[in-house]
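We call the chains A, B, C, D, E, F, G and H, going by the order they appear; numbering starts again at 1 in every chain.
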């Protein structure tokens, strides 16, 4: 998730000429496990980088959905993976359930590119960054040799939103 | 020298009912080598324990005599061991040169009891503590089994001053 | 069947926070079963840890437990043991905690022969902080602070502690869990300083970066590279290259510190002037 | 005749501050003569110390010298050596400085096989602070913090450092000054971590309290208790009890850290992306 | 006749201290040496550890074992004890650290006095931790403040620092010790609930949780990570963190009046006040006595508690005092606290500093008094 | 897009740092990891030491070897570095320590932000030592302040601390780095005299002695005991001590104007001023922007230099300002300095504290602004 | 064939590490769709309890009749 | 007998520790009234230089003719 956030922020800031911050958090010290990525995109200077009520929430697993689902601000957007069973959401929120993990498996045979799929979906739903910027940011950020795979995942993510 | 100072202060404070402080200093950290003992005896409360211009100075070796000889206050008393070759002293000071180290050798065959001899001499010259108090303090402070030897050294110290 | 570990766990702390396949749970199981095997009461056992994934051991077991600062568990344990010689004191530490920052306390505890059992979980990496190399990371292995491969030679922890004077020294692995349990039980029974190195797997911090993709692969590595002390006796230096010796290296009896000190107290108190 | 030490002294710092008969001067003499024997220039030698009487060594010798915090000389030396691999780095430390507070840095320096020569002056006491027991104070000896006699076992410093992986380990004494000089010279020539324990006398902090009234008595003790490694090979355990072994224990060649690192730098710089 | 360091030892033993771990360092070593001799006689244990980090750890370990524990050190050693001091503050384990201050920075002037660790004693460890610092200026105060330190530590489960110095630690004075029966000794508050109901970090109203050592059927966990009332890590729980850290500080604030000891001398009509502590207070007394002889209206506030800083005594000064002199054997450490305490008071604050290893003399203070009057 | 910790690394390398020794600790580990990767590429050396004490020692050792050196850590590690930091301050060896602050006390909240080491960064070691502390609140500032830190260290031969935090260290922002040619880089002042005439601690008028590393024919001694101009111990020499310690402090005081960086925002007509630093300053800006939108006359003083404390900026406030708010992610550390700086100013000083691992929000600040206005 | 051993799997604790699956000498375990261990060949179990000793998450309990327990 | 060696004693550095006195194999040294070393039997000196190596205060220099120096 951290990489996904970085790519989104990079797309916005570096390729779309906006301002962006990316902020992450983990569990106790820095081991694997749950992580969270917060991105703010703005035309103005961004001072306060923490988000209590996001405009857009992407939850890739049940835990995240449970923990943050109700935080989305009114008229915000909430995208949950279709593997999540129950999703706490408010009426005032635009809700999407998309098979992002499944798509990642289809593209790469593992969960690895889920965050890139999610990025595509997020951009398609919100339009917050341009497709082109996102493509450039993905190509520049992923490990060498995996560019094509990831760009494909990104496309499929866009495709999830009709 | 440190023990001598402690005994003097003890005699004054514990056995003569005065107030006394004892203060010591060494070289870098706490190894053997040069040491200094400062005693203040007073009827009142003693706050400031350092002495710049002592009323009485006892110097048992040349180094001490050189370093502190000129600090003695006017009309003060300066007792130097007779082994000291040159002694910097002022006219305004009552000066004594006494064979304290030699006496210690005579009593104990070594320098060990020099400080006790010196105590006797100091008390005899100044009268700042009573002979009795000093005897008690010596007996209470020296290692068990050496009381007699030390009391003898004290007596000989008193005897040095006619 | 085996003593089930449940009985010794703080159930409300389960499932524990370790990653899937982490060897820490296996070592913890061996420790708990060893204690059970010895018939110790839970109240008489104190388990002390430092900081690291290994240190999370004691939050989940229902003994008397405390976690201390990074690397210092043995020093806390020394004070505790001197204050309470009747308690059984076990320290669980990691290769970073016990050998990097805590190396000095380890060798001094060994020297003093104080009755503390130390279990060092050697996962050859700093797990908790995300995979930096440790004094037990094999040369050439990758770690986040060794992007070109680790350049430094490793300790042989058991030889080090032996050189420091320890009276009980042994090594087991997570794979050889039955042996490990036996070694830990003997270490706890030993009167004096006892050291058990438990070779373990950190799939997340070490395995991923070093082409061992699953916990099982890492345990297979343990299986394939371990040679018992006995077997090693008949092997050449060449044959032993790259192997890890397991079993008991030292087991001897010398006066134990808190006993010696207890005697001093009794003597000092019986002298005139004592209270 | 012998190279006179004068030429290497800061004469305005003489006479030095050590007590009469202190062995530190003898060890210092051996070090200076060893350097002279090797023909090193004074500019290429750096002598680093911690805190203690032993640490006063380097203020009086006219090499490049610095004194650091208590116990940390080897860590400072490690940074210095990595920054300046071409310099000859010698650390002089004490039994408290190098083995108590500094024990961890000693074993890690040994493990890394970094090219530093460490001379540990073992006077079996904390001299500078007035005679507290150290990890090398023989059990039973008196010290200001061991009024009832020292209760703790001692390290065998050479075995400890060997257990940590050192590639050169030796022991001499102030009495066996010719041997000591030879061992130090070999240690300095050795490429890698080299450790020389120099058994020495502290008449003021140790001798007085332990019925050795004069420096000469203490040196006679060294003479009487030392057994060379060779001689020891033919002696029984019983015969060796209470003896101190002198001579060379380890001398082997393994890759040295700053050389290994130097190679990494050259490789990293020749890769694309390097500057 | 007793030395300051010796008085610390006697006070500690009288207060019930039965464990000492230390590492030699001038000018504090006498404390370790005397403890080594005396503790076994009263059934306690002494150990010289491999360094100060380990000493501090051992002291906390012994205290967790239920035994009142103390360590002593000076400058460099005090610095090394800081990490574990923070641990003790966080997990609320009582312990006492005597720091016999010497000249710094670094190894500086190992046998000469200074007051350079005043701010460090409050702020030396990372994180915002609670701590109490007491500061003797006489041998007698070494005795009573060490007892007080042990008592506060046990009462509030907090590390307490006795900030002595090379003068106070080495000086010998006649002291008349109180009868053992007259000394108030505080013991740790025990839980009133059975093991099943025991939450090791559920505090009473005074902010202090009852404490019981291991081996008595109460099994629990201690962690220095942010923890809940059960003593278990709650590393990322903001509510728990808020409550915990505020409680740790509040338990001290609540007892300010018991903890803070100051002495006032000739304040009633003073125009110049000297705020002093430690050995420097001795000079201040001499100076004020001479000043009064000369008709100068000078007075003294002597702080025996440095932290929490005794802000409240400055309230008494009203508008009469024109100048407050703050003599310190450092470059000016508490002077900022004094300025802040006098924010709404027109009195001028004038520092007087000395860092050369010699005491500030009464003469120096007197000269300054005359200058500012 | 660059992370704060990464910007420290880039800044360090741009400033000429070629040695790093460290020990892993969240949230500072990225700095070590990036250094491990980048230093060999620029011909520098990285080493992971056995602990933070050794790391700090190695950094000083390398700097004595003539190489610009840096280390990075967080809370517990910062505490362990303090003894050797004091050594560097005493013997005047340039070095930079980045402390990415996390929640305390003790191991506390290892991945969450705090500003709890502000006082420790000034007072963490024993003895009265000189030190400079810079505090970034953005990724860009991480870059430029690390360069400034290295420059000040080299110029004044003093340890400089970059006091970052878990927010600033981990946040990613777009930064446009200055051209290498535009960056001012300071090198150590070399002696102008030949080896025979060189006294390693004879200072120039600016209070800083020229420095040359070993192996160039200049042989000399360094000791952390009180030392004379020749670099030799003068442990009991009061005059030398006086001169030395005063010089160590004066060399910084003399350069206050170069060292101290503050930023002022909307101060001209402000009635309420927020004094803020580090990540908290970010919230202050948000709050003031909103306040101004609502017609409230609020302004900001942002400190990029925390120590020496920028007292002088408060002089500008005059009598107009009614309240100064000091938001800190601790229990109130710099608030005392602010009070002291405003001793003769009627403005009220109001702290705003938060210690639960979350940032102080713009909303919290705004609410307080409205309350005090 | 008569099953003498029973295996209790605690899915709330199992973290799907596959150690039991890979190392059970009798291949008694398989995995379910979430990757967690399930018993697929209980009849082959010989009651060696290694799976229980190895499971890092204490999710396995091997139970057997008294006799077989003693014999193991 | 011809003296082939000469010994230079630096009394400003000598601290009267008696090591040279006690260990010189030929008993070449004695002490003066302040306890410092003095040469009393120079003719017995065999030029082994041990006194120089042992003196902790660098107060002794043993000099000899070129030949004897090489031979030693």
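Please note the rule applied: a residue touches a chain if its C-beta (ideal position, glycine included) is under 8 Å from a C-beta of that chain, and two chains touch if they have at least 3 such contacts.
Bear in mind that the values here come from a model prediction, so they are computed numbers and not experimental data.
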Would you pick out the chains that touch chain C and also touch chain G?
none
If you walk touching chains, what's the least steps from chain B to chain G?
3
Which chains touch each other through the most C-beta pairs?
E-F
Between chain G and chain H, centroid-to-centroid distance (C-alpha), Å:
83
Report the inter-centroid distance (CA atoms only) between chain C and chain E in whole Å.
38
Counting only Cα atoms for the centres, state how far chain A is from chain G in Å.
39
Going by residue number, chain D touches two or more other chains at 19, 69, 100-101, 103-104, 108, 129-130, 135, 148, 261, 264, 267-268
Flagged in chain G as touching 2+ other chains are none
If I count partner chains per residue in chain F, which residues reach a count of at least 2?
26, 29, 40, 50-51, 76, 83, 87, 91, 106-107, 110-112, 223-225, 233, 235-236, 358
Considering only the defined contacts, which chain C positions touch chain F in the complex?
51, 69-71, 96, 100-101, 103, 126, 129-130, 132-133, 135, 144-148
Touch list for chain B against partner chain E, complex
6, 9-10, 13-14, 19-30, 45-50, 52
Sort out for me which residues of chain E touch chain C in the complex.
18-19, 21, 40-45, 47, 49-51, 53-55, 57-67, 69, 83-84, 87, 91, 213-217, 219-225, 232-233
As the complex stands, chain D meets chain H at residues 1-2, 4-6, 9, 14-16, 18-26, 29-30, 33, 174-175, 177-178, 181, 203, 214-216, 219
In the complex, chain C touches chain E at residues 10, 13, 42-44, 46, 48, 58-59, 62-69, 72, 75-84, 86-87, 104-105, 108, 261, 264-265, 267-269, 271, 273-275
